[in-house]
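The following blocks contain the structures, represented as C-alpha cells.
Below are two complexes that have chain A in common, paired first with chain B and then with chain C.
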Partner chain A sequence: MMVGISITAGAASDLFASAARLATPIGFVALGETFGEAAGIINIGLEGVMLASALAGAWAAASSGSVLTGFAVAMLTGMALLGVMALLCIGLRANQIVVGLGMNLVALGATTLVFKSVRTVALAPGLDPLQLGFLADIPFLGPAFFRQRLTFFVLLLLTAAAAFVLRRTAWGLRLRAVGETPAAADAAGVRVDAVRVQAMLVCGALAGLGGAALSIGELRGFTENMVAGKGFIALAAVIFGRWKPWAVLAACGVFGLADALQGQLPAWDINFPPSVLRMLPYLIALVALAVQRGRARPPAALSIPYERRR
Partner chain B sequence: MSAVRLRRSLIIVGVNGVALALALAATAGIVALYDKPVGAALKALYEGSLGSAFALGTTLNKATPLLFVALAFLVAQRAGLVSIGGEGQLYVGGTAAVAAALAFDGLPRPLGLVLALVCGFAGGGLWGALAGWLRARFEVNEVIATLLLNFVGIAVSNLTVQEPSLLREPVTDSASLPQSPLLAQVVRLPRLVQDSPNRVHLGIVLAVLAAVGVGVLLRRTVAGFRIRMLGHNPAMAERAGVNVAVMVVLVMFLSGGLAGLAGTSVLLGEQYRLQPEFSPGFGFDGIAVALLARSTPGGAVAAALLFGALRAGGLRLEAAVQVPQALVLVVQGVIILAVAATAYWVERTLRARNTVEVAGATEQPAMVEATA
Partner chain C sequence: MTDSPVRPPTAPPLVELRGIVKVFPGVRANDGVDHTNAAGEVHGRLGENGAGKTTLVSILYGLEQPDEGTIAVNGTAVRIESPRQALSRGIAIVQQHFALVPTLTVAENVLLGQEGRPVFSAARVEAAVGALAETYGLALDPSALVGELSIGQRQRVEILKCLYREPQVVVFDEPTTVLIPEEIERLFETVRTLASEGRAVVLITHTLDELMAVTDRISVLRAGRSVGTFATAEVDPPGLARLMVGREVKLRSAVVARAEDVQLEEHAEHEVGDVVLDLAGVTVLDGSTVRLDRIELTVRAGEVVGLAGVEGNGQRELVQLMCGTRRPTSGTVRVGGVDLSAAGPLRWQAAGVRVVTEDRHATGLVLDMSVGENLVTDRIHHRPFSRRGLLSFGQLLQHGRRLMREFRVKAPSPATPARSLSGGNQQRVVLARELSADVRVLVAAQPTRGLDVGAIEEVTERVVAARDAGAAVLLISSDLAEILALSDRVAVIHRGRLLAVLAQREATLERLGPLLAGHVDVAEVAS
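And then the complex of A and B:
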C-alpha cells in the first residue's frame, strides 16, 4: 500500500498549515459548544446553526462589501437561532436532542431554499492569509502556523479567553455549577435558567463565527450543505477535549489533521482509503472516552432540563 | 382506564394537530414567498403522496425506513437509553444485508433474502450493541457513543463500496462508480403489487409487523416489563434482579437491529445496490417520527406514514410548482420543534392525570431524567 515515501519538511509544514486552516471553523463552534455543555446544554443542532450563519454571513459580506459586517451578521444569526433553542429547551423544557435535530432540518431546508431562490451568493470578500512578521519566517513553524488567516489568531485568543473565563471568573464558576448540580447552584442563589441562556447565547455567537470563518474566511461564498458534518465534528471535539478549551482546540487540530491528510495523501502517491481517515476523528474520540472512563465525565446535568422541586 | 386513555389520546391528537397546522402554515408561507400559487403547491403535495398508485407506493416505501428507525429509538427510550445512532446502524445493517445478498443469491428463493434480512438486523444490532457495551462497560454516555458511531458506521459502509476487495463492483474503466454490483432478483424485497406503477415492496409489511412485535414485547412479555422497569428506575431494576449491563447491551442490539432493517429495506427494496451516502438522513428523521408518535408503536406507524407522505409529496412539489423539495425539510423541522415545544407540558398534564391511576403511571419513562 505504501510505496517509497519521502515527505519533505516543506510538505509536512504544508500539511500542518492546512490542518490549522481546516480546523479553524470547527474550533469556533467547538469552543461555543464548550460553554453550552459546561452549563448542561447539549446542542445537536450546531450543524444547522453553522450552516445558517455561514449563509447569512456570506450574504451580508457580499452585499455590504465588508468582511466585518459579514462576521457580525453571522454572529447575530447564531445568537438568534440559539435564542430560539433556549426558548424551547429552557423556557419550555423541551428535549435538547430533539430540538437540535429539528434545528438541523429547518436550517438545512431553509438555507437550501434561500440559496436556490437567489441562485448565487455573489463572491464574498474574503480574508487573505497574513504574514506575521518575523514569525512567518521561522522554519517549519512559520509557514505552518504564522501565515494563517486572521480567524485562526482570533480563535487562539478566544480560546485563551474562554479558558480564563471558565476557570477563573465567578460567571464561569456559576456556568459550571449549573452544568454539574443545578439544584445546588439554585439553592446557592444562582439563577440557573438565566445562566444557561447566557451560555447558549455565547455558544450561538461562537457557532456563528465558525460558520462565517467557513463561508467568508475560507470559501468566499456559500454552497448547499457546505458545512457537511463539521458541526458534528465540533461536538466530537468538545467530548474528545474533555470540556476544556485548550484541549478542545487541540482536538480540533487533530481532526483538522485527519481532514488535511485526506487531501494530501493522493498528492504524495499514498493510496489510503479516504473513508478510514474520515472515521478517524470519531474513533479517536470514542476510544479516548472509553479509556478515560470516570476521569472524562461530561457535566453531570448535561441534556437534563432543570426543574425546581416543589 | 379507558377514560384516562381517551383523554391521553385526545391531548396527543390535539397537540399533533396544532403542530401539523403550524407546519402547513409554514409551507403556505414559504410557497407564497416564492410567488407560487399555494393551492397548486398543496395539490402537488397531495398528488405526489396519495394521488396515484405510484404516489401511494412512494409514500409507503418512504415510510418504511422511518418506521423502523422510530421503533429502534422507542425501544431504547423505554429502557431509558437515548439512542441517536439510527443513521450509523442503518448504514452498517444495510451494508451487511447487501454483502449477504450478494453472497447468497445462488440459494433457492426465499432463503437468500431471509439470510440477507437476518444479516441486516444483526449488522445494525451489533453496531447498536457496541454503543450499549461502551455504556455498560466504560460508562460512555450512550447519546455521545451513538452519535459518534453514526459517522464511523457511514464511513465503514462507504469504505466497502470504495474498495474493490470488498463490495465494490469490478472496476472496468476510470469512470466506473464506487458502488456494489446490482442485486439479483431473488434477493430483492418483492413488490407487493405486480405490474403496477405502485412500487410498494414487502418492507412496509415487515415494518408494521415489527411495530406490532415491539408493542407486544413491551406490553405483554417479561422482557418488556424488565425493559420498562430499567427505564423507570435502574436502581430498582437492579435490585429486582435485572442484570442492567446485559440488559443495556441487549436492548441496544434490538434497537440497532431495527435500525439495520431500515437500511436493509431501502437497499433491498428500492435501490438494489449499495452506494456511498445512500441514506438522506432517515436515521435522524425516524427519531422525529418516534417523537411525534409519543413513543408508542401504533403512533409510530401513523407518524411514519405522514413523514413518508411529506417526502413523497416533496418530490412532486419541485416538479410541479418549482419550489425546491428542501421545503419538506423545513416542514418536518417545524413539526419536530412544535412537538418538542409542547412535549413537556403534555407529559406533565398526563402524569398529573396518571398518578390517580397507579397502573397507568408506568406508561412512559421521563426520557430526560433517564439520560443521567
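And then the complex of A and C:
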C-alpha cells in the first residue's frame, strides 16, 4: 500500500502549514476551555457553542461585509451561550454534562434550521494568509508558520496571555483555587460562583473566536455541522495539554497534524484508505487520553457545583 | 507587627455574641449562647462533639446565619453574612478542617483572597510570607506545595493565612487534634503571642488540659446551651468535665505526662494465645518512595499491639495493606498462617480481619447512605440482607435497629443518613459494623480521634472487649496515652521502619519519646 518516497522539505513545510491552519480554530476553543476547567467547569457543549458562533460570525460578516464585525458577533454569541450555561450550571447548580449535551443538540438543530433558511451565510468575507516580511522567507519555517492567517498569530498572543494570567495574576490564582478546592477559596473570601461565571464567559469568548476562525477565517462561509467534532477535540486537547496553555496549544498542533495528513498523503501519492485517515485525529485523541490517564490530574472540583457545607 | 499595648481583660469586648440560636432540622445546635472576647484575652470554649461549638464558630465567621441573637464587633452591632464580611471586620479563623488548596504553594495559599494588586510576583510574595512565618516562629518553606506538607505544617499555613490579614479576632477551631505534643506546645506559644499583641483569641477544643494551659477564661457548652463561663485560674479540670458531659466520666487526659497512671489503672491480666497476624519483611514502595520498610511484626490472639508514631510515617499504608486495597512490594502478610499478601478486600474480610480506618468520612462510611446501609456495606451480598440479588429492607432495618441499640448509636432511625450524625456516633456505626462480624484481627487506626471524653471511653472499652474475646488487636494511634493505656506491646514506626517493639513494662515515655522522633541511638543509650 505504501510506496517508498522521499518527502521533500517543501512537502513537509506544506504539511506543517496546513497543520497550523487546521489547529487554529481548535486552539481558541481549547484555550477557552482551559480557563473553564481551571475554574472547575467542564463544558461538553463546546462543539455546539463553536457551531453557533461560526454561524453567527459568518452571518454578521456576510451581511456587514466586515470580517471584524463577524469576529465580534461570534465572540459575543459564545459569551451569550456560556452565559446561559452559567445560569443553569452555576445559578441553578444543574449537571454540567447534561447542560453541555443539551447545548450541542440545540446548537446543531438550530444552526441547521437557520442555515437552510438563510442561505447567504454560505458565503462570507474571509481572511487571507499574511506574508510576514523576511520571516516568510525563512526556509521551511517561513512557509509553515509565517504565511498563516492573522487568527494564528492572535492565538499565539492569547496563549501567552493565558499562561501569564493563570500563573501571575490574582484572578488566575483565584481561578485555580476555585477549580481545585472551592471551599478553601470561599473561606479565603473569594466569591466562588462569580469567579466561575467569569471563567465561563472567557471560555465563551474564546470558543466564539474559535468558531469564527473556522467559518470566517478559514472557510469563508457556513455549512451544516461544519465543526464536525472539533469542539470535542478541543476538550481532549485540554486534558492532553494538562491544563497548561502552551501544552494545550501543542496538543492542538498534534491534532492539527493528524488532520493535515489526511489532506497531504494523497498529494504525495500515498494511498491510504481515506476513511481511516478521517478517523486519525479522533484516534489520536483517544490514544492520548488513554495514555494520559493516571499521569495528569484534572482540577479536583471539575464538574462539581459548589455549595457551602450544611 | 506593631507592639500594641496589652489591654487588661476588663476592657470592653472586642467581639460579643448575645443569645445566639441556630436550629438545624431536628436539633437546636445553639440555644441562646453568649460569647464575649476582650482584646488580649484567650477565651476557651469547651464542649463535647455535637455540643454546638463549631456551629457557633460558623456563625461568627459568616458560614451560617443565626436564627436569633446579635453579634457586635468593637461595640457595633453587625451582620456577618459571609467569610468575606467576617474577614473585613477583622475576624479570621484557623479551621478544624483545613481550607487549603493543595496544588498551590504556601505563599499562594496565604495570598489567595487578599492579593491586593491584580498582578503579583511569586518571589516577592514568598519573601513576605517567609518573613511573616519567621516573626511568629512558624517554620515553613513558602515555595513548597501545600499538598506535600505534613498536617502540622498545613496548620501553620492556616495560621499564616489568618495573620497575613492582620485580624483582631483569631478563632482556633479544634486546632490540636492533629498535632503531636511538641507541635501543640509551639501552637500555644503562637496563641500567647497573638494575645500579647492585643488580639482576641477564641480557642475551641474538647481537651481540658489544653484549655487550662493557655486560656484566660473558659466557657462550657453542652447540647447547644452555655453552662457557664469561668476564669481559668478558678476552675479545676474534673469540675469542668462534669459540666461538659453532665455526668461523671473517668477523666482521661491527653497530656502524655499522665499516661503512666492510666496505664497502671487499666491494665488487667489476660490470656495471650497463638500468633494470628504475622508480617514478615513487608516493604511497600510508592514509585521510589519507601512507605514501609521491611516490617517484622506479630500480633497474638488476645493481645493488643500498639503502633505508636507520628502520622504519615507509614501507618496509612499499613492500614491499606490490612484492608486488601494495597499489596506489599515484597514480604508476606499471614493471618492464621494463610498468606494474604496478594489477597483482595473480600479475602481479608473472610479471614476475619476487621479494620476501623482512620478517616471515617473517607473510608469508614458512605456518608450519603443511611446508618442501616452503612452497617451492612461489607455483607450486603449475603443472606439475609440479599436474596437472589434483591435486598431485604426489612432485614436491613431490623439489623440496623439491633446494632444501634447494642452500640448505643444515637440517631432517629436506621434510615437516617450517616452524614447527619455527630463524629462519635459515626464512629459507633463503624465499630458496630466491624465488631459485629467474626473478628480474628482488629486493626483500629486512630479510633478515638476527634471524639469526646464519653465516646473515647466507650470505644476503648469496645477494643478491650474484642481483645478479651480473643481477637488479635493492632492499635494504630498517634496518641501515646491511648497506646500506653491499652497495649501489651508497643511498636514504634518512623519513616516506614519499625524502630523498636517493646514489652509493656519497657514502654516508658523516656524510651518512646525519642523513638517517635526517630532517634534510635539516644533511646538505646537512655535505656
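To be clear about the criterion, the second predicted complex is superposed on the first by the 285 of 310 C-alpha atoms of A that agree within 3 Å, B and C clash if a C-alpha of one lies under 4 Å from a C-alpha of the other, contacts with A are read in each partner's own complex, and residues count from 1 in each chain.
We adopt the following convention: a contact is a pair of C-beta atoms (placed from the backbone, for glycine too) under 8 Å apart; a residue touches a chain by one contact, two chains touch by 3 or more.
This structure is a prediction, so every number in the text was calculated from the model and none was measured.
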First, second, both or neither for A:Gly83, with chain B first and chain C second: neither
Touched partner set for A:Gly102, first chain B, second chain C, both or neither: first
Chain B versus chain C as contact partner of A:Gly263, first or second or both or neither: neither
First (chain B), second (chain C), both or neither touched by A:Gly126: neither
Contacts of A:Tyr282 with chain B and chain C, given as first, second, both or neither: first
Chain B versus chain C as contact partner of A:Glu180, first or second or both or neither: second
Dominant contact partner of chain A by residue count, chain C or chain B: B
Overlapping contact positions on chain A, where the chain C interface meets the chain B interface: 300
Interface residues, chain A side, partner chain C - complex: 168-171, 173-174, 176-177, 180-181, 183-191, 299-300, 308-310
Parts of chain C lying in touch with chain A, wherever the complex brings them together: 24, 63-64, 82-84, 87-88, 93, 95, 98-104, 108-109, 111-122, 161
Contact set on chain B toward chain A in their complex: 30, 34, 82, 84, 134, 137-141, 143-145, 147-152, 155-156, 158-159, 162-163, 284-285, 287-288, 291, 323-324, 326-334, 336-337, 339-345, 367-369, 371-372
Residue ranges of chain A touching chain B (in the complex, touch as defined): 42, 44, 88, 92-95, 97-99, 101-110, 112-113, 116-117, 229, 232, 235-236, 239, 273-276, 278-279, 281-283, 285-286, 289-291, 293-294, 298, 300-305
